[in-house]
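Chain IDs A, B, C and D follow the sequence of writing; residue 1 opens each chain.
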Amino acid sequence: MSKLRVAVIGVGRMGRRHAENLRFNVHNAELVAVADVDSNAAGKLAAELELEHSYGSTEALLSQQNIDAVVIASPPKFHVSAIQAAASAGKHIFCEKPLALTLAEVNEVEGAVERAGIVLQVGFMRRYDPPYIEAHRRIAAGELGEPIIFKAIGRDREPPPLSYFKSGSGMLFVDASIHEFDLARWLMKDEVAEVHAFGGAIACPDIGQCGDLDAGIVNLRFTRGAIGNVENFRQSRYGYDIATEVVGSKATLRIGYLQQTALTVLSCEHVSHDVVDHFLVRFREAYFNEIQDFVQRVLADQSPAITVQDARKALVISLAAERSYREQRAIKVSSGMEVAQPAP
Amino acid sequence: MSKLRVAVIGVGRMGRRHAENLRFNVHNAELVAVADVDSNAAGKLAAELELEHSYGSTEALLSQQNIDAVVIASPPKFHVSAIQAAASAGKHIFCEKPLALTLAEVNEVEGAVERAGIVLQVGFMRRYDPPYIEAHRRIAAGELGEPIIFKAIGRDREPPPLSYFKSGSGMLFVDASIHEFDLARWLMKDEVAEVHAFGGAIACPDIGQCGDLDAGIVNLRFTRGAIGNVENFRQSRYGYDIATEVVGSKATLRIGYLQQTALTVLSCEHVSHDVVDHFLVRFREAYFNEIQDFVQRVLADQSPAITVQDARKALVISLAAERSYREQRAIKVSSGMEVAQPAP
Amino acid sequence: MSKLRVAVIGVGRMGRRHAENLRFNVHNAELVAVADVDSNAAGKLAAELELEHSYGSTEALLSQQNIDAVVIASPPKFHVSAIQAAASAGKHIFCEKPLALTLAEVNEVEGAVERAGIVLQVGFMRRYDPPYIEAHRRIAAGELGEPIIFKAIGRDREPPPLSYFKSGSGMLFVDASIHEFDLARWLMKDEVAEVHAFGGAIACPDIGQCGDLDAGIVNLRFTRGAIGNVENFRQSRYGYDIATEVVGSKATLRIGYLQQTALTVLSCEHVSHDVVDHFLVRFREAYFNEIQDFVQRVLADQSPAITVQDARKALVISLAAERSYREQRAIKVSSGMEVAQPAP
Amino acid sequence: MSKLRVAVIGVGRMGRRHAENLRFNVHNAELVAVADVDSNAAGKLAAELELEHSYGSTEALLSQQNIDAVVIASPPKFHVSAIQAAASAGKHIFCEKPLALTLAEVNEVEGAVERAGIVLQVGFMRRYDPPYIEAHRRIAAGELGEPIIFKAIGRDREPPPLSYFKSGSGMLFVDASIHEFDLARWLMKDEVAEVHAFGGAIACPDIGQCGDLDAGIVNLRFTRGAIGNVENFRQSRYGYDIATEVVGSKATLRIGYLQQTALTVLSCEHVSHDVVDHFLVRFREAYFNEIQDFVQRVLADQSPAITVQDARKALVISLAAERSYREQRAIKVSSGMEVAQPAP
């Protein structure tokens, strides 16, 4: 098969980005259809991208013959059913993060993928971001010596609309911190053994009234003794700020990208510079790289770069952080796996 | 005409970049052929990009019917003849900088373009770089007040191979500083009235033996009284460093981009960060933007964004700088136009 | 009294710094004597600073008549006895941090100071550092809106000698993090309600064998709902790195000072810049400011800027962090006060 | 002689700074008197610094017996007469820059110093600034290879009052750029062979009406072939910005110090940081270091660190730049020495 025929399920901002990349930039992929419960939105995107087919449901889309793989970019609570349907139909799957919202769901996904013998890759796109790739390479090469402290912040400029927090996309630790937790595992080459979380909703009380947090801070202890901290905040106001640091016994490495266009204005009021304002801007290249890599792996019969197991392990940390926040105590990650369910 | 059918003349690194963008990224263009005096190189690139046609000469290429426009990326001394041939054949033209090496040549080009009634756009790609676009917007909006000082550095990490300096690509001021001279005109919204240049070839004596410079520094006086300085250097060794500053009566604006991936390594030896290493990396987006804009303008019957007149005015500054260096005195730009010819 | 006559107890690096400032830079102070259990060291410093008097004990020093105030810069475990003796003798006291190692000791100090009616000020010198002063001013002025997240790192380039960890100077959280805890209270204008700590000794196992940590990370929850994290590390190797951030509902403020002399070297190996290497360099001005302010306050019969109560509250957080680390659970700060004693 | 007894002539902001340093910070100096044509100002400063003596003229001051050395900080046009008087009286001299305004004056000074057998040191304080000292050390150690390009900017936040420009302190190139010219000689270990200058007074037309410039830009050619550029501007509005760069064949070195307190404010309007606002802030340490070094050199019978010859060579460059600006042509520095007089 010379080109991978891909369909996109869910045409929100992430689904749209994946669709555009598949349509225009990934040269060994062919975008063949899009689907969304809002069939108008699906139809509009199809027209814009000059596609023949759009659908109002995953089922309808899967009835189309010439589809080799699907990208699932619907809200997280719909991931599992979409994965099950696509796997049953023998389609390879690229699924946005978080793969699922509970461990029970991850187990279902894992079974479905195994039974179908398909490739499923998870969208932790930071692993495809050039600075993070380079950081990973240097750490793996031993430049830092023994990793000792992992630090990360992840701040959005503005929170998503309130409807987002009512849509079951998972609490802050599951929806946002999971990126940092995946980085922690990947960069430290270690697993998280224990977490402790504090959180709050001072900046955005509305988010608090949805039962979620606008700010969370999670202490980490790794199995080999390293420690760490992850902070997420929904409303920095100044910009989209993703920064990660690994302190090692020999050297320390910082990854950050506050500026967008390297423009500094110096006036009598202040010396200021521009900032990255949105994740689709900051990680444009990563989003392209990850979907391109997925296409190449499927075409080459290779296993996925980021597996269900990776998704499970990041989710376990997220759920443990959530539980730590709710129960006001540190939570051991291993013992918490079976019980770490979101509160009702 | 729904897609613009474009051919690329010259398949060195710049021609290759344009060809790749036209083939993969510019969606309303269709790359239909490439040509190079090295017909093997042209053939290889055609195979790589899955093109049907490649040629060993501009003439052969122009005999192909379905070509609407050509991108000229051959060495500068061949620009004029290629432009004349393409214009005679009624093709629109995107030509790399410098458009030509002498004012006599620019006059020839101007005549040919007028007679043929085609669009010719010049490849000053920095005008398509997002930080420069934003800087231009802010200056035009009056944020800086009156522009007072223009400063620019342009440094390559390593010089091109020695053959480059023997190939008649123009002296440092024509080949390299011309980018800064174009920025000076564009950002200051003013013309350069007088220049004074010093130069040397200490770092790369081989370049000196080719009659060229590895370092040049040019004082500028603008017609409305502002002043400035442009520095170019062929061998910074630390990276590709393009930085521009406009000092205004109300504020100052700096455009720079030393870092590539925002990665800092902190060790006991030093705290260091990565740097941009090459112009194809730094200006990747600008190269894409300029060729996309050219395609859109031609399809929409619009005039070019960067004209023969822009190319002429930047070249006049370059030639005046060269003459100032040779004659060891300041050169008025207006009076120098008719005589500013490169030394034999 | 036109000049305050001050003596310094303890002539290690901190005592020496205070003595030099008092001798040369604080113009309304007169340094009249130094004391150290190592009477040779005391004698040498006295000779160097051209003082008439040096002593081998606090008691001997206090028998000298013309002393108005003492600076206590001996190891922390000797602070309480020195304070009691000086207070009994009616001397005003400037005491290095930590004021004491247990809450019982703080109670003793408090009683002694009250009975003697003297001024006692504690050496949290960061409150005298110009960037921190400016940060405090801006936060107090409401520039950040509501404070939401407090973040701080404190990293030494190299740990003190192993003897330091055997000398009873308090665990990492008491000896080092206490600076960050004081900043947390001061900048957030709030008290810490709960902490959770992880720690390790991977980089310096020798420190671990002394029962101490080389790295610690402490989650904070403030009484009004804000959250935070403090990290301390003994061996960054790249430099002395003190950075603090307060995220607010309206804006965020960062205080940092990685560079020392603003010198950047750009070579083909790397682009690197210099860093601050030591706290006596970074906080030179703060050390001078705090001792000058102490002298002025005593001369003007003013109360101290940083009180026993401030020392107590920072120590309570330190001890709670230590207990959290030992008992592997989050510790409420208020309830932990009576029991938060260092392990035997 | 155990302490050097020093008097200060001229109590403007620079004279005041020197007086304060001598009074409080330079421990082997004793400030014994101050003088100013404004005898009230002299008297007030004497009272403030608790000095017994103040005078309304240099002559009156020199009649005081116990003076070993004088610091001359009066306006430049009074330097020569003060130097002659002090030298006749056998006093060692520290003189602010510029030493004199013409080469004829420098010749007079040189003769007077030689006849009197005294030490005269010139106040190019940047040679005493830690980052510049470190830069000089690294360049001298060969880290940069062969120096190829020298670049410097020197920008004041606001110009001095208009009276300053009417007081005969020398044109921009003599008053301001002379610092950069001295750095050029010192860091490049080479002499300037030729200059070319442009200038203007767009931002501050009042300065233009005094016959001076608010902005100047000077191309440099060094005797060994290196090139360079110096820019000075009187009204940056954003801060006091001194930055110097030496590009070498092996590496490049940048010295800069835009920030003052390392404070960054990140808000939805902008991400901004503080800046140095004044030369007395930026070079506080340098001003102290230079006057301390002068005192030590005189006490130790050593020759001055910065000589009349250094002052002469920097002034020659300044005067050549001024002449280049006036005559609108490049000026060879060697040939210009005898004629490079300021215009009437």
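Please note the rule applied: a contact is a pair of C-beta atoms (placed from the backbone, for glycine too) under 8 Å apart; a residue touches a chain by one contact, two chains touch by 3 or more.
Model, not experiment: these values are computed from the prediction.
A.B. asks: Moving only from a chain to one it touches, give the least number of moves from subunit A to subunit C.
C.D. replies: 1
A.B. asks: Measuring between mean CA coordinates, which chain is farthest from subunit B?
C.D. replies: In terms of C-alpha centroids, the chain at the greatest distance from subunit B is C.
A.B. asks: Express in whole angstrom the distance between the two chain centres, defined as the mean CA positions of subunit A and subunit B.
C.D. replies: Chain centres of subunit A and subunit B, defined by C-alpha means, are spaced 40 Å apart.
A.B. asks: CA centre of subunit B versus CA centre of subunit C: separation in Å?
C.D. replies: 58
A.B. asks: Residues of subunit A that contact two or more other chains, please.
C.D. replies: Where subunit A meets two or more other chains at a single residue, that happens at 236-238, 250-252, 265-268, 274.
A.B. asks: So with touch defined the way it is at the top, what topology do the chains form here? Options are line, ring, star, complete, other.
C.D. replies: complete
A.B. asks: Looking at the complex, which residues from subunit C come into contact with subunit D?
C.D. replies: 24-25, 27, 130-131, 134-135, 138, 143, 250-257, 261-268, 274
A.B. asks: Which residues of subunit A touch subunit D once you look at their complex with the stated criterion?
C.D. replies: Residues in contact with subunit D: 157, 236-239, 258, 265-268, 270-275.
A.B. asks: Going by the contact rule at the top, pick out the subunit C residues touching subunit A in the complex.
C.D. replies: Per the stated touch rule, the residues are 146, 148-149, 151, 153, 155, 194, 196-200, 202-203, 215-221, 225-229, 231, 233, 235-238, 247, 249-252, 328-330.
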